[in-house]
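The structure's right below; bear with me while I get my questions together.
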Amino acid sequence: MIDFEPHYRRVEQLIYAWARAIDEDRVEHIAELLFDDGRYTVKSRFNHDRGLPLAVIDAQSAAQLRDRILSMRKANVYQPQHYRHMLSGVHIASGDDNTFEVTHNFLIVRTMDLSGDMKIFATGQCHDLIVLTPEGAKFKERLFLFDSRVVETLMVIPL
Amino acid sequence: MIDFEPHYRRVEQLIYAWARAIDEDRVEHIAELLFDDGRYTVKSRFNHDRGLPLAVIDAQSAAQLRDRILSMRKANVYQPQHYRHMLSGVHIASGDDNTFEVTHNFLIVRTMDLSGDMKIFATGQCHDLIVLTPEGAKFKERLFLFDSRVVETLMVIPL
Amino acid sequence: MIDFEPHYRRVEQLIYAWARAIDEDRVEHIAELLFDDGRYTVKSRFNHDRGLPLAVIDAQSAAQLRDRILSMRKANVYQPQHYRHMLSGVHIASGDDNTFEVTHNFLIVRTMDLSGDMKIFATGQCHDLIVLTPEGAKFKERLFLFDSRVVETLMVIPL
């Protein structure tokens, strides 16, 4: 059995860095953390468990993710809001010397800038494929499975 | 003073594994993480602080915990729902080479499968007695103290 | 580039210890974790981003923080309540051998003792300056930036 401990911190901190970029309104940065041919998918647990393909976001490259973020910045009309990511239970489920399957739980609180309303926007589990490179750790795949289908129609900012 | 760092990851990951089993609807697995003569108790902070014995769950062996889970699966009638565990602040308070007293905070969000309603179901602090064995870490005792007595009448799935 | 890993656990556990003292109603203890000439500030993200000085709490020494806590215990009239801290994403952003700039996210659930009502009281990001001393790690500065200005008028207990 491989001991993942020497790699745990880098894996965990990569996951934290993604969340921090979004919370700090530097969402463009997340595309830098995804391989060019990486995949970023946000989907309901309900659809995933039934093998249904429908996803809220399914970017099949870093370029597609950049487009999505650009559209959020330029085209979408939505109330000013921001997220706060709470992440828990980072677990390296399997891997070899430099590629790891990792899961963790997320809870995102959304605050509306004008009214100050706070609410739990999404909870769920994230499944990642993370690769260590000489330049640092990066995501090959991110699959966010959120718990409540109510989220689907409301998502503007990536998770 | 003993340095707990070499054992921290195993302790933390055991705690995460319990939560993951429940969140992933594999709740039967938690009984495997408890010693045969282990104890699993869920109680309000209010009762605990006053020395009152009343607990929502008080399984005094892994077998009793299995019964409780079986009853949940077979006998109880309740709306389909699932939990999402957020865990924070894992702290080894004391211990020796292979037995540790550990605390952490928990927040559990419950999502109703049909309506999609999400709410904070319970928050609190967990007190664990964890033993390292050649076959891995296991719980000797788990005491979940939840913050709000409102929780008491509603609990079906173990925390 | 400095490797912060050897210091990570002490930094993280110091942050957890502060939260635990408040959650366990031993709030006086937090003043022991701040240097005598340390600073503890709680401020809205809104004010901070605009360079506005107004803060909910701005204790410029451990003695000032003790005064604030004493006032909470003796003078303030408020409904019995307590906090549950959920902390996430502890990240050492920079530092040298014994001083570290650290950030993390917080989410605090407040439970009213009488009614049992639970709500998300505050979320935000905390910026710390932490110094390792021979007697252990301590805070030189703590800056809590909370996300929603709605919090401001309600805070009795320190975060």
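So that you can tell them apart, the chains are marked A, B and C in the order they are listed, and the count of residues begins at 1 in each.
Just so it is clear, a contact is a pair of C-beta atoms (placed from the backbone, for glycine too) under 8 Å apart; a residue touches a chain by one contact, two chains touch by 3 or more.
If you're wondering where the values come from, they're calculated on a predicted model, not measured in any experiment.
S.K.: Regarding the chain A and chain B pair, does the interface count as same (over half of residue numbers shared) or different (under half shared)?
M.R.: Answer different: the two copies use largely distinct residue numbers here.
S.K.: For the identical-sequence pair chain B and chain C, what's the CA-based rotation angle in degrees, nearest 5?
M.R.: 120
S.K.: How many angstrom between the C-alpha centroids of chain B and chain A?
M.R.: Result: the chain centres lie 27 Å from each other.
S.K.: Of all the residues in chain B, which ones touch at least 2 other chains?
M.R.: Expected reply: 86, 88, 107, 120.
S.K.: Mind pulling up the chain B residues that touch chain A in the complex?
M.R.: 9, 13, 16-17, 19-20, 23-24, 82, 84-88, 107, 109, 111, 113, 116-120
S.K.: Over in the complex, which chain C residues touch chain A? Could you list them?
M.R.: Contact set of chain C toward chain A: 5, 8, 46, 86, 88-89, 91, 103, 105, 107, 120, 123-125, 147-151.
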